[in-house]
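The following blocks contain the structures, represented as C-alpha cells.
Shared chain: chain A. Partners: chain B in the first complex, chain C in the second.
Showing the complex of A and B:
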C-alpha cells in the first residue's frame, strides 16, 4: 500500500520548470518518447511527443498546458514512455494503474508544479482572439494590462488542493449553487436545454483518460440498443447518463470532458456530484491509491458505511 | 401513471406471486420486469426506464444475506444507493425511485410496498 499520490507527486519535491528539458532528455534514456507540451503560434500550448534531445528543446510548461496527457497512456501500454504531468494528471495515471491500464514501471513521470491553468477560451471571449496573454504563474497580464488571475483560471483549478491559492474544495462547480436551488423538474429542464446543443461529437468521451474501452462503446452500438442514433437532447441525455454511470468510482475529476465540449455543456456538475456522493458513501476517491479496492467492486456484509449514519 | 418494477426472480417475484395467489388487492400501475437477481440490474436500466417516460421505478430483491447467488444483492445495494443519491442531480425527484427487499413469503409486505410506492409517486403527479 502506498501513501497515495505522494508516491508520484509531492509539493516542493517537483523540479522547477527550467529543469523540464533536462528531465525530458533524462527520461529519454529509457523512454521511447516523452509526452509533453510545445508552444504554438496561437498563444496556447499544444500536446506533443518528444523523441530526442533536439525535439525536447521545444518543450514548454506554462499555464496554458491544460490538457490531461494521461488520456494517451492506455493505447501506449506496450511502450515505455515519459509523461509530463500536473497533480491532477498524476491522479489519472494512478487510477489507470489501479485498473491495470498503465504499468507504473514503464511510465517515466515528470511531475511539474502547477500554478493553476489559465482559461484561454474565456479570455478570448472577453478580450478578443488577438489579445496577448502573459502569465508567470502568479500575475496575469491580458492585452498588456494587469488582470485578476484567479478570475481567469480554469474552473477545476479553482478548487485545487495542490496549488498555492487553490480553494482546496475540489468539485465545487461554479454552477453548483444555482443548480441546486432549482426543483427536480427545473433541473431536468436545465439539462434538456443544455443537451439540446450537443452535436454528438463524443469529445467528452475521447478526452477522458478513463474512457478506454476496447469493446465497442455502448453509446454507439445498436445491439444492445441503449441509445438511438439521433442528435437531440433525449439521446444526449442518455449519452451522459451512460458516461456518468461508467465513471462511478473511477473519475478523478480532471475536468477534461467539460473542457473538451465544443458547445459548453457543464458536464462536471454531474461528475463532481457523483465523486462527492462516492466520497460521502464510501470514503473513497479515485486516483489516490493504486491498491485501494474500488467501492463498487466490493461490498460489506455487516452493513455499509452510509447505513451506520 | 406508469411504474416499472425490477424484481429478482427468487425472492420478490415469488413474493409478488404470493400476494396475487393470496388475493391481496393492489394498485395496478406497476409493470413488473422479472430479473435473475438484483445484481443483474444495471443502473442504466432504471435510468432508461425514466428516460422512456416511467413515472417511478421500484427495485426489489432478496434480503441482504439471503441472495440466491450469495452476494448479488450486496453489490446491488451499493449501486442502487449511489443511483438513489444521484437522481436529484439528473433532475429526477428522489421520491420516484425506491429499492427494497421482499422475500418469497412476504406476500402481504409486497402488497404494502406497492401500495405505499404507488401512493408516493401519485402524490407527485
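Showing the complex of A and C:
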C-alpha cells in the first residue's frame, strides 16, 4: 500500500494502518482468516481475505473501503472469521446475528472509525477516470484541487449518525426531494423508466448482506411462480417490490444494492422510505440489538392490537 | 384434466340476484368439460347430479359455486368422494354470501359471480390430491375449575370411563354454589345437593383432584395437549392431613374468611369450610406469624399427624390431555369503586348478596342467625337493591346477571323465615324470571312473604343514627322513597373469575371485554371454543344459574367424550409443507409459528432445514408468508393456486 500504488494520500488514516494490521494479526489467533481491504492499482480499495500475518501486511483502510463485507458472513457460518467493519457494516452483522445467520461468538469484529466513504464513481463521472483523488478523511483534493468533501461522499454516509460531521438523518437519498415533489403519475413514470434499464443481473441481491437465500431466491424460481423471467420494466418492478418487502424491518440501510447496480437504479429511495415507516410504526431499526425480533417476523398475540379487540 | 362446474341457485337465494346460467358460462374455460346450474346443489338430487356428471363425463376436478364453504364444504367433499374423486379435488366458490346476498344489481352480481367461478376453475386446476392422516389422542381430560360446572363435567366424563384431572385454584372444590344457603325456586339446601357430588368427584376412581393448583402453560393441540400444572405450596401435606382442625383452633393469626366472602374471620391456617373436599387445612403465608415474624410453629406443634411442612414448595407437573373443559366460573362484581353513593364499601351493613347468603347459612359465621355485621343486631328492615353492576351502562356493565331477580326473591323469603317480624324491600329495574317455576317464585315472595317491591334505582345510601337511610325513586308512583334500613343487600352482578383472560391467552381461546370466555357460535356451537378440543362449562362463558351451568357442563362433557371416543383424530391435510431441498434454514417460520409446529431436521449435507409437524399445524399460513424464498406452501392454498386465481381475475 502507500501513495506509490494508489492515488490516495493516507497519512491521516483512522485508525493508523499499523494498528489495524496488528488487530488483524491478533484476530488470526482464532480466526481462520480476516475479511478486510487491500489496495488496488485502480486507486480504490478492494475486499480481501487475510490468512496470516504476511498477508495482513497488505491491509488498508481508507475512504474507498465502501463495501459491506458482512455480505460474506452467512456463507462462512461454519468458520471462525475476523471482519473489519465500519459502523454500518456492524449493523448488518448484528441483524444477521438476530436472524441467526451469524454466530457472534465466531466473528471477530475489528471496528474501524469511518470518516465517510467518498463516492469514487461520481467523482470519476464528473472529473474523468484519470482524475487524481487525494483524501485524508477530512479534506479532499480532486485533480490536485481542493474539493468540498461532504459533496463527494456517498449518500448513506451523509446521513450517518456515527460519523463526525454526519447529518444524522439516515435515508437522506439524493433523489428524495425530487421524487417526493412529483405527482403520482410522474412517480409511476420515474420508476418505469428506471426499471426499464434493469438487466436482471441480481447484483442488488448479491451485494445485500440480508439476501442470504442466494440460489433459492424467489426471484429466480418458477415454483411458486411469483415472478416471470422476462427482462422488462414490469418484471423488474415486481422483483424489486418483492426484494424490498423481504427486507422490511431487516435492512440496515448500507446502500450496497444501489451501489452495486450497474445501471444506476435508485434502489435506496424505496428502501429508505420503508425503513423510515417501520421505525415510525414499530420504533424498530434493524441491526441495533441482536436479541430483537424484527416486527414483521414476530407473531404476537399479546399487544396493543390484540387488546383493542 | 377434466373440470366440472356446478352453479347452485339456492332456490332464489342466489338465482334472484345472479344469472346462474351466465355464471355457468365458466364452462367455456379451458379444461372445463361440464357445466350446469342446479336448483339446490346440497339436496340429494343436487349431489346426485354432481356424482352422475363426474361418472359420465369422467371429470377429475369439480368447482361448485354455491354458498360459503363453512356451510357445505363437507357435504360436497363427501359427494365427490362417493363419485371416486379425492375429496380435495372439489373446490367451493361462494357466490351467495360474497355475491347475491351483498349485491342488489343483477349485472354486477352476475359479473362478480362469473369472475369468482372462473377463479375457482383456475385454482382447482392447480389443486393436488390431499390425504388426511390419523393421530392417536390422549384419553384423558383436564377440567379447569371445581365449581358445580367443573364437578358435573368431571363426573360425566369419568362415568364414561375417561380419566379426568380436575384442577381447582382454591383449597376446596364446590365453588360459589357451596357458599349458597338455599337454591331457587325449590329452596333446596345448596350444600345438601352439592356436597354428595363433591364427595363423589373426590372418590371417583377416574378423577384425579388437584386443589390449590393452577394451569401454568399449555402446549400442543386438540387430542394431545401438554399442560404444566402448578400445585401451590400450602405448607400442609395433603396426604397426611386428617382435617381435624386442631391447627385452626390453636392458630394465633387471624385472617379474612374467604369462603364466607369476607364476613367473619378465619385463621391463617384453616380448613375452608366443614364440608370442604378435600377436607384439608391450608396455610396462607401472608397472614401466618411463622412467615411474617419468622417464629410461631404452633400448628406444627399441635398437628398430630405431622402434616405441617413450612418448607413446602410449589410443584409443577406436566400431564397430557386429549381435551380440556374450562369451568372457571364467576365472582361477584366488585361494586365498591363504581358505586360511591352506596358507601363504596364504607358502611359495614351494606353487603353483597353472597355475603348475605353466608349470614343465612347454618354453616356461616353466624350459625344461620341473621345478624348484621356492624353490631350483631338482628335486622328488622332489610333493603335489597338489584342490578348493582348489572344492566348499568354508567359503570360499564350493561349485561344482565340473569339470576339477581331470583336470588333476591329467595333471600327475601328466607329473611322472613329467619325473622318473622322483619320487612324486606326490593328495589328492582325489571323482574326477570324466565325459568321454570321462576315467575311463581317471585310472586310468592311478594304475596306470601310480604316483600315490598319498588321499581326504581336507589340514588343514595347514608348512615343515620345506627341505621342506613336508603333513598330511591319508586318510578311506578313517581314518588321519592326513603327507607330506614338495618341492612342493605346489594345484588352484585357477575364478573368473570379473576385471571380468566390470562388463562384464555394460555389456552389460546378468545374472550370478551368482560373476560367471559367466548363460545364458537352462540347458537350452534355453544360449548365449543374456536380452539379445537377446548370446551366451556358454566359461568366462565357468561352469567348463568345452576341448572344452566350444569346443563352446559354435561354438554361440554359430551363433546369431550365424543372427541376422544374414537381413540384417534383425523388431521386436516390442509397444513403447511416445506420444500426441504430449497429451505435455507433461516427458521423465520419457527419464529412466527403460533403452534410450535416447525421443527429443525438435519439434511444429509448437515445443514438444518425446517419441517412442519403435521399434527401440530393448524394451516394458518403465517409461515407461508414469512418464508423469504417461499419454499413453504399451504396445501390446498398454495402460492401457485393463489397466483393462478389472481391472474384469472386480471385476465
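Definition applied: the second predicted complex is superposed on the first by the 278 of 309 C-alpha atoms of A that agree within 3 Å, B and C clash if a C-alpha of one lies under 4 Å from a C-alpha of the other, contacts with A are read in each partner's own complex, and residues count from 1 in each chain.
As a convention for this text, a contact is a pair of C-beta atoms (placed from the backbone, for glycine too) under 8 Å apart; a residue touches a chain by one contact, two chains touch by 3 or more.
Worth saying up front: this structure is predicted, and the values here are computed from it rather than measured.
Undergrad: In the superposed model built on chain A, check whether chain B and chain C fit or clash.
TA: Overlaying the two structures gives a clash between chain B and chain C.
Undergrad: Would you sort A:234 into first (chain B), second (chain C), both or neither based on which partner it touches?
TA: In the superposition, A:234 contacts chain B only.
Undergrad: With both structures superposed, pick whichever of chain B and chain C touches the larger number of chain A residues.
TA: Per-residue touch count on chain A favours B.
Undergrad: Under the stated touch criterion, which partner chain does A:221 make contact with: chain B (first), chain C (second), both, or neither?
TA: Only chain C is touched by A:221; chain B is not.
Undergrad: Regarding the shared-chain residue A:277, is it in contact with chain B (first), chain C (second), both, or neither?
TA: In the superposition, A:277 touches chain B alone.
Undergrad: Once chain A of both complexes is superposed, is A:189 in touch with chain B (first), chain C (second), both, or neither?
TA: first
Undergrad: Pick out the shared contact residues on chain A: the ones touching chain B in one complex and chain C in the other.
TA: Overlap of chain B and chain C footprints on chain A: residues 226, 299, 301.
Undergrad: Can you tell me which positions in chain B touch chain A when the two form their complex?
TA: 43-44, 47-48, 51, 64-65, 71, 74-75, 77-79, 81-82, 85-86, 88-94
Undergrad: Using the touch definition up top, name the residues of chain A that touch chain C in the complex.
TA: 99-101, 212-214, 216-218, 221, 223-226, 246, 293, 297-299, 301-302
Undergrad: Flag every residue of chain C that touches chain A in the complex, lowest number first.
TA: Touching chain A from chain C are residues 505, 508, 582-584, 586-588, 591-594, 622, 626, 628-631, 633, 638-640, 643.
Undergrad: Chain B touches which residues of chain A in the complex?
TA: 184-191, 226, 234, 237-238, 241-242, 244-245, 248, 269-270, 273-274, 277-278, 280-282, 295-296, 299-301, 304, 306
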